Amino acid sequence: MAATLCIIVPILVGLALYALPKKSDRIAQIIGIVLGGIIVGFVAISANDADVSVRWLSRPFEARFHVGFGGISYWIALLLAIATFSSLIALSAARARDFVAQMLILEGAMMGVFLAKDLLLFALFWDFMLIPVFVMIVGWGVASRRSDAMNLGARGTRQTAAWRYLIYNMVGGLVLLLATAAFGIAYGSTNVIGATGVTPLGEVWAPWILAGFAFAFLIKTPVWPLHTWMPETYAELPPEVVAVVSAVQSKAGLYGFIVIGLPLFANDMHRFAPVMFVLGLIALVYGAAIALVQTDAKKIVAYSSLSHLGLILIGIFSFNALALQGAVVYIIAHGLFSAALFLTLGYIEQREETREINRLGGLGADNPRLAGGLMLAALAALGLPGLAGFAGELLIMSGLFAAGYWWAALIALVPIVLAAAYMLRLFQMTMNGPHNADLPRRRDLTWTEGLALTPLVIGVVLLGVNPGPVATATANAIHAAVALVPGAKDASR
Amino acid sequence: MNPTFANAVTAPDVAALLPTFIVAGTALVVLFFDFFAPKSARRWLAIGLSILGLIVSAVMTAHQYGHPVVAFSGAYLVGGFSVIFSEITIVATIISLLLTLGVGRDDQIAGSSALVLWSTTGAMLMSGAGNLMMIFLGIELLSLGLYCLCGMSLRSTARESALKYLILSSMASGFMLYGMALLFGATGSVSLAALASAHVGALFAMGVGLFLIGIAFKLSLVPFHVWTPDVYEGAPLTVTAYMSIVTKAGVLAVLARIAYAALPAESATMLLVPVWAVAGLSMIVGNLAALAQTDLKRLLAYSGIAQVGYIVAAFAGRTDYGLRYAMLYFAVYLFMNLGAFGVLALMSRDGETGPQLASFTGLAYRRPWLAGAMTFFLLSLAGLPPTGGFTAKILLLASTTSAGYVWLALLLILGTAISVYVYFKIVRIMFVRADEAHVRDERGPNFTPWIGIAVCAAAVFVLCFYPLTPSDVLPAIK
Amino acid sequence: MIVHHILGVDGQFPLLYLIWLLPLFGAILLWAFGPQLKSLAGPIGSALIGTAFVASLVEWGLATQAVGTNGAMLYGAHMSVLTWTKGFDFGLLWDRLSLTWTLIITGVGFLIHVYSIGYMNGERAFARFFAYLNFFVFAMLTLVLSDNFVGLLVGWGLVGLASYFLIGFYFDRPSAVAASRKAFVINVVGDVGILYAVFLIVSKIGSIAYGDAFAAAQSGFTPGELTTICIALFIGCAAKSAQVPLHTWLPDAMEGPTPVSALIHAATMVTAGVYLIARCWPFWVNSPDARALVGAIGAITALTGAVLGIAQWDIKRILAYSTMSQIGYMIMGVGVGAFDAGVLHFLTHAFFKAQLFLGAGIIIHNLSNEQDIRKMGGLRKQMPFAFAAILVGVLAICGIPPFSGFFSKDAVLYETLVHGHPWLYAIGALTAGLTAYYMFRLLFVTFFGTYRGDVDPSSLGIRHPELAGVHAPHDENAHTEHAHAPAWLMSVPVAILMVPATLIGFLYLGGRESVWVKFFAPVFNTGSESAATPILSELASTLLVLAVVLVGIAVAYIRYARAGFFANPIERLRLESIRMPAPLTNALYFDLAIDYLVVKPTQLFGKVCARIIDPIVIDGAVREVSLSASWLGHLFRSFQTGLVRAYAFVIVFGVACFAAYYAIAGGVH
Amino acid sequence: MIAFWILALAMIASAVFIITAKKPVYSVIGLLANFIALAITYLTLHAEFIAVIQIVVYSGAILILFLFVIALLSSGTKAFDVGPDKMPKAVLPAAIVAFVALGFVLVGTLRDKLGPAAGVVTATSDQTGTANAFGSVADFGASLFSINLLPFEVTSFILMVAVIGVVLLAGDDTPARKTGRKEHNRESIVKRESITR
Amino acid sequence: MNLTEFAVPIEYYIGLSSVLFFLGAIGVVLRRNPLIMLMSIEIMFNAANLALVTFAKAWANNTGHIFAFLVITVAAAEAAIGLAIVVVVFRKRQNVDVDEVAALKG
């Protein structure tokens, strides 16, 4: 029941917010924060909540409204709840009532994706979650926010960002839809996520259906070369949204590979692995290399995401239990630190009205808390041992190595060095050095802004010190899934 | 030996025909009462009576469901399959009439309502038509009323649309008629039952081909779609809304009957391939062409071309599921399309011309509910959740792939991908924060469309989660 | 089953947590409440480290007691702290090796903390500085106290971070910022090396614990794997301990405040590589290839550091290169298998190098951040205490008996011979001479002659006065307050350090039979592999080295401390500056090579990806697709001419197509 | 046979004349000729009733209608002027395409034997004619009012639509005579807008 | 009644009707005068009627006649409406030319 509530309540409350008077921004935000907090708590205590399952379709295949926490879903839902909560606290957009409403709808939709236990329901929420994001790029894109002050000519970027986001993800979503339909026809039921004992599909259909799923997942993640929607979108989205989108939405694809690809298409996943390895490795190096020369702060982080998520992809496709546990840990970790990164970069952009790191500089002296937040997030992102990113990377790469892909682990080490370089470059060019005289000097983080970062930062540290709960909670499911893959080498004895 | 007039009409025949004739008769009643109605009540009276008659007819039609009857020596077939299309027609008519309530001239309202009702009669006749003559007459009854409805407005574009519609449609009717003549020549009979058992020769094939051209024209499948955008744009908004559903309803019923029942089984696939091809073409071309549109009615016209492509594609393979989900999709299309037209009606100053894209700028902040409703319908048109469009589309995909027409499913996906851009262009502009001084807030003449919008929205939402897919709907010809 | 038998027994030593976490507590406290604590931050931070030091001593005693002093000598403690997943167990380890390091870290750390109270007095970010220092101590303790590779790696990374913070402490100074980044990135290269070793170990034995890994060292790995592990680990050591070619960050790291240089970049952090090799001795013992490689690189580093030290004018950079050189010795020692000798050199070096840096710090502090020795001279009389401190340090580093450095350096050099590496011995001996030369050069130029602080920089050959050394004041207001700092805060720690710097070498008195060797005998259980008889006896070796050292001193004396130099020191210095060989002034082009071979190509690759592949190739393709869609849309639009006849034409065209199909299809049947 | 060829020639010639005639009046004449020829052709096919209807309805009613409209439209100052040809180059392709289509249709339809010869003649339910009465009014009527009753009834609606439709189309054209509703509406809109702003 | 009674082969009639039909179609495509377009459509309908009547004769089935009769009725209705539309469209215009009526396009 908790799962259902987590999905429906935010959406309903979001819609209901529109019924408030236009000027009730403050109230709307408070409602949002309170609800966000409640959901965090609610998710946190619902780890063992029973599934809810109601009939939806019986022809031409069985489909059910089947939602529940279970294994990895719980953790990602928790991540989502925290990220949304933080974003709602951090929120400073104009027309806050509408913004909060969209954020809540987004939260509900994404909850749906991660809690759905039915493929069709998964596909439904998968597509649904695009809409609030699109609306928010259009209505609150950074360019538009800035246009209030100075820059009317920048409309173009916001438009293209919105379109790219939508069209790329829509194409993915539609292919996912087709694959889901085909799966339903071929298997007779879509009520299969997290189910045990699903008989594999026939040889003829399975690879094509998996290809459809994989295409959608790769776009969503995104993985090279399907990534070009991401940097612009992340750069243009309001930071509060991108914190959620980058932190959680981008994980939907990887989540899909773990909960749909592995258990249902074990053979074909194995067959696809070489391609995925190549794509993941390219993404890994390519994203890092671009992040190294980017000058747009948010794009640096966006490309770093490309790099990091490539690693997770490789981890998943190594079919090693350790690597998969690492992938789950890293999914959560990346969610936490990328949310923190984007939020802080948003604060910076809000204060300085630019994201160009060449124009920024020396902010740290006057804004120690801001600098601290950015530092911690950047350190987690560059994989500093002791923080969340490291734990994930270590487990993934150990698993890779154990599975025999020593060369992949070797290649994957290069971006770690690059990550140190670009993340420090990002940090130092914004926070260190002499203060740029053109930049306005604004005050340090307010307590609400700081509060928004707090859960993320705490999460980054806790997960970095002990990813055990996440890793072990998913171990059983992962072992079961990996056992299906032919020829997978399991490191843990 | 010869059947006489006395036993030409039996009680079951009349019962079968009654719902249809009630609609036609309502038109007469409307015209009659219009003479006596006080000026202020003319409008309400005409629309109210029409809707009343339609509701009665709808109820009676519903009662026919599950009781197949062959009436009038096989000329009219009612029961399972046709009931669905008849109901869709009736519901579409009711919603269109609701939109019409505030539009047009008082002195024309009765006449136009009557024409609408007769056109509806035509569509209902088509959905039950058991022989070629009935098909032809149904189409003509439907079309003749529409020519007039299109041209009734004083705007020159409306008349232009009527002229174009008339000329092109008549020409297409000509092709169709010639095809029917050839089919008659090939089988010696006009009944669809005879087609099903006919020997497929060159004459038969050509007859089917020319006949299908007529069908494709009425469904505005590419390349026979050329009339659609102009006519939809020119015709009064409510007529466009009406036309976008009702013509398709009748013709889809005919196509379904032909495809499923009236062709010899062994050569049906071969004979129908061009239809699937033009359906696939429509999905792509319709959406591509819609990309470049700024007039909302015109845009919906192109979108309709594509949407019909999806529906027709579901017939491919002629599976039970295909028909079932085509009907589901069509029902959803009815609601989402009319819902969108309802929004347009509220945005249209004179209630006839469609609003331009620019007038939607920032609508979400000016009239959030209207924008929300429009977004909802557009989502459905694009096949996005949480709308009936989503569920119906995935079921279409399922049936198309399971029928083995994967290429059509892929085209459907491609077309939908393009259509996302089309529909979200509108969504985007509604949520763009605009300098409101430059946007003229166009408001429709009255608020009755809200009723239609509410009904449509509710239906679209419900159909997402509770997709009604009637069973036992395979069309019969006997 | 996790095996710990090599490293100690399980036990409960709760004090360990205190030792480990006290600095972390201090760091958080000082960071969070720094502004409120103001000048109290220094004493608090120092007190915490001091407490940790005392606790370490107590713990030492407790541990000795707990294990007993019986023949086993295997005292140690393993405590389970965390479990990530199967095979990833974390714990603390308390054995003699970690004890040694802990004592140095907390002991020398405490002294430097105290010193810093004086040195940093009046800095705006006073509390932050101590927070970083405390954090460093915590990180370093994590490194040495961890009982597994991942914990070590965590500490390894965190000390790098602390080093980054402290090098870039003056973060409004671009050079400091650049130096900190360089240091961090190069250190990450090292981290990555260790990571790779961890992968290999985990994949082979499924555990990260030292115990499991070392138990398998003899037979669990193929020789190739073992060598790979050693090399990968050594990449980490090389980065952290400034071994060629990853040493370039260390001289730049002198951008940090001098106490930092003393603590991190001399005494403790940079010796982490030594610790790692000593800790992983079972690997090295079983991998002759790795021993040869690491020993050679240690020797090369020692030589390179010494050679580069000759050419420096910045007092801290001289010391930095000397540090590099000395770590080269240590690495050479532990690399070839002389673990106790290497560790001994670490111990003595920690004292005398800290001593040197702190002494230099006093000079710099008193000269208002002047670091160029050309602008010093004759300071012997002005700062007799500093002179004494530096003198002791110089004598120790040069290996003049009986100063501590003599014992340790001698031990390392002789052990190379014992382990059969005469070439390394030769390099080491040569380096000892060079060391003596440049250290005495430093001593002479700084403290003898006359004060040159008011001479025009250009006449001293200082080409870029604003770049030579770091002159930027820490804080504009700081100067006035310096005077108020009580002088004893800085001198007392130095004075204390002088004692071990002088005497600690006596631990090794007696060579193989010394206290030191016995202390470590249970740790480095290398067996009794008395290899080839060295070509020199121990005494001969000592004398030879001493002779070389004396030659070095003599040369330095001739060049810088005789009348010829004092006659016109300014002109002499100018000429020397100008005539300094280009390879030496450019630090043997290491930076340049790294820049051109690694950094530039990577950036070029990034630019190609960012400017060509991403926007033009990938996006270009996508754009083409979308443009053609929109083009098609407009094309279809243009077909829609509005002319009825045209429409009719299109329809007839469609009819023709249909008719064609059905004419053909009808013929098929 | 000869009669057929003459009629065919007449029909084709008149059709060509219709579509090429400069003035619509000439076309009407051509149409008349065409219809008469067609009616005679019907007679050769034993379709007497249809022939009569053809003359009465087409030649009698429809052609007159055309003539009325021609008269109505040409009553203006300039009758039947055409503007510039907007697709002057389309004539040839259009003709070619149409003839290609015709060719295919001819090939498609005439390849096999037509009619009953093409297949087995099956007695269909609506085949009621007898040899003698075939095409006669009696035969026609019997069929029309029995099995084809429904189509016949539907035609009545079609005619009704035509009547009402034409009335609505042509009935009220001048804006001045519009009812007040629209103006009233517009005023209310303006009022509403002024309130909401 | 069978084929042998045909003095002229049935194919001739059908061929004739096809030719007429397409002449009508060409008329619609080529002419710009709406009246002539309507006449062309009438030709098309008549051609279809000819085919219907011919086949009725061939099959001895008067359904073809019925159909033709209905077509004539429909054609009449259509002509009436068509002419009405033509009148309302062109009454106010200078030229009676469908090319001029192209405000709706794109």
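Letters A, B, C, D and E mark the chains in the order given here, with residues in each chain numbered from 1 onward.
Criterion: a residue touches a chain if its C-beta (ideal position, glycine included) is under 8 Å from a C-beta of that chain, and two chains touch if they have at least 3 such contacts.
Computed from a predicted model, the values in this text were never measured in an experiment.
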Starting from the defined contact criterion, work out which chains touch chain B and chain C both, please. A, D, E
Contact counts by the stated rule: is the higher one at C-D or B-E? B-E
In whole angstrom, what separates the CA-based centres of chain A and chain E? 65
Chain C to chain E, mean C-alpha position gap in Å, rounds to 96
Taking the mean of the CA coordinates per chain, how far is chain A from chain C in Å? 36
Rounded to the nearest whole Å, what is the centre-to-centre distance of chain D and chain E, using the mean of the C-alpha atoms as each centre? 5
Among chain A residues, those touching two or more other chains are 167
Which chain D residues sit where two or more other chains touch them? 86-87, 90, 94, 98, 101, 105, 108-111, 114-116, 121, 124, 126-128, 148, 151, 155, 158, 161-162, 165-166, 169, 173
Mind pulling the chain E residues that touch 2 or more other chains? 14, 21, 24-25, 28-32, 37-38, 49, 54-56, 58-59, 61, 63, 66, 70, 74, 77-78, 81, 84-86, 88, 98-99, 101-106
So the touching chain pairs work out to A-B, A-C, B-C, B-D, B-E, C-D, C-E, D-E
Chain B residues touching chain A - in the complex, by the definition given at the top: 321, 324, 364-365, 368-369, 372, 375, 379, 382-386, 390-391, 393-395, 397-399, 401-402, 409-410, 413, 416-417, 420-421, 424, 427-428, 431-433, 465, 467, 469
Going by the contact rule at the top, pick out the chain E residues touching chain B in the complex. 14, 17, 21, 24-25, 28, 34, 37-38, 41, 44-45, 47-49, 51-52, 54-56, 58-59, 61, 63-64, 66-67, 70-71, 74, 77-78, 81-82, 84-86, 88-89, 98, 101-106
Hey, which residues of chain D end up touching chain B in the complex? 105, 108-112, 114-116, 118-122, 124-128, 142, 145-151, 154-155, 157-158, 160-162, 164-169, 172-173, 175, 178-179, 181-182, 185, 189, 192-193
Residue numbers of chain A touching chain B in their complex, please. 18, 56-57, 59-61, 65, 95, 98, 120, 123-125, 127-128, 130-131, 134-135, 138-139, 144, 159, 162-163, 166-167, 170-171, 173-175, 177-178, 180-182, 184-185
What residues on chain A touch chain C, complex-wise? 167, 224-225, 227-228, 286, 289-294, 322, 325, 362, 364-365, 379, 382, 384-386, 390-391, 394-395, 397-398, 400-402, 406, 409-410, 413-414, 416-418, 420-421, 424-425, 428, 431-435, 465-468, 471-472, 475, 491-493
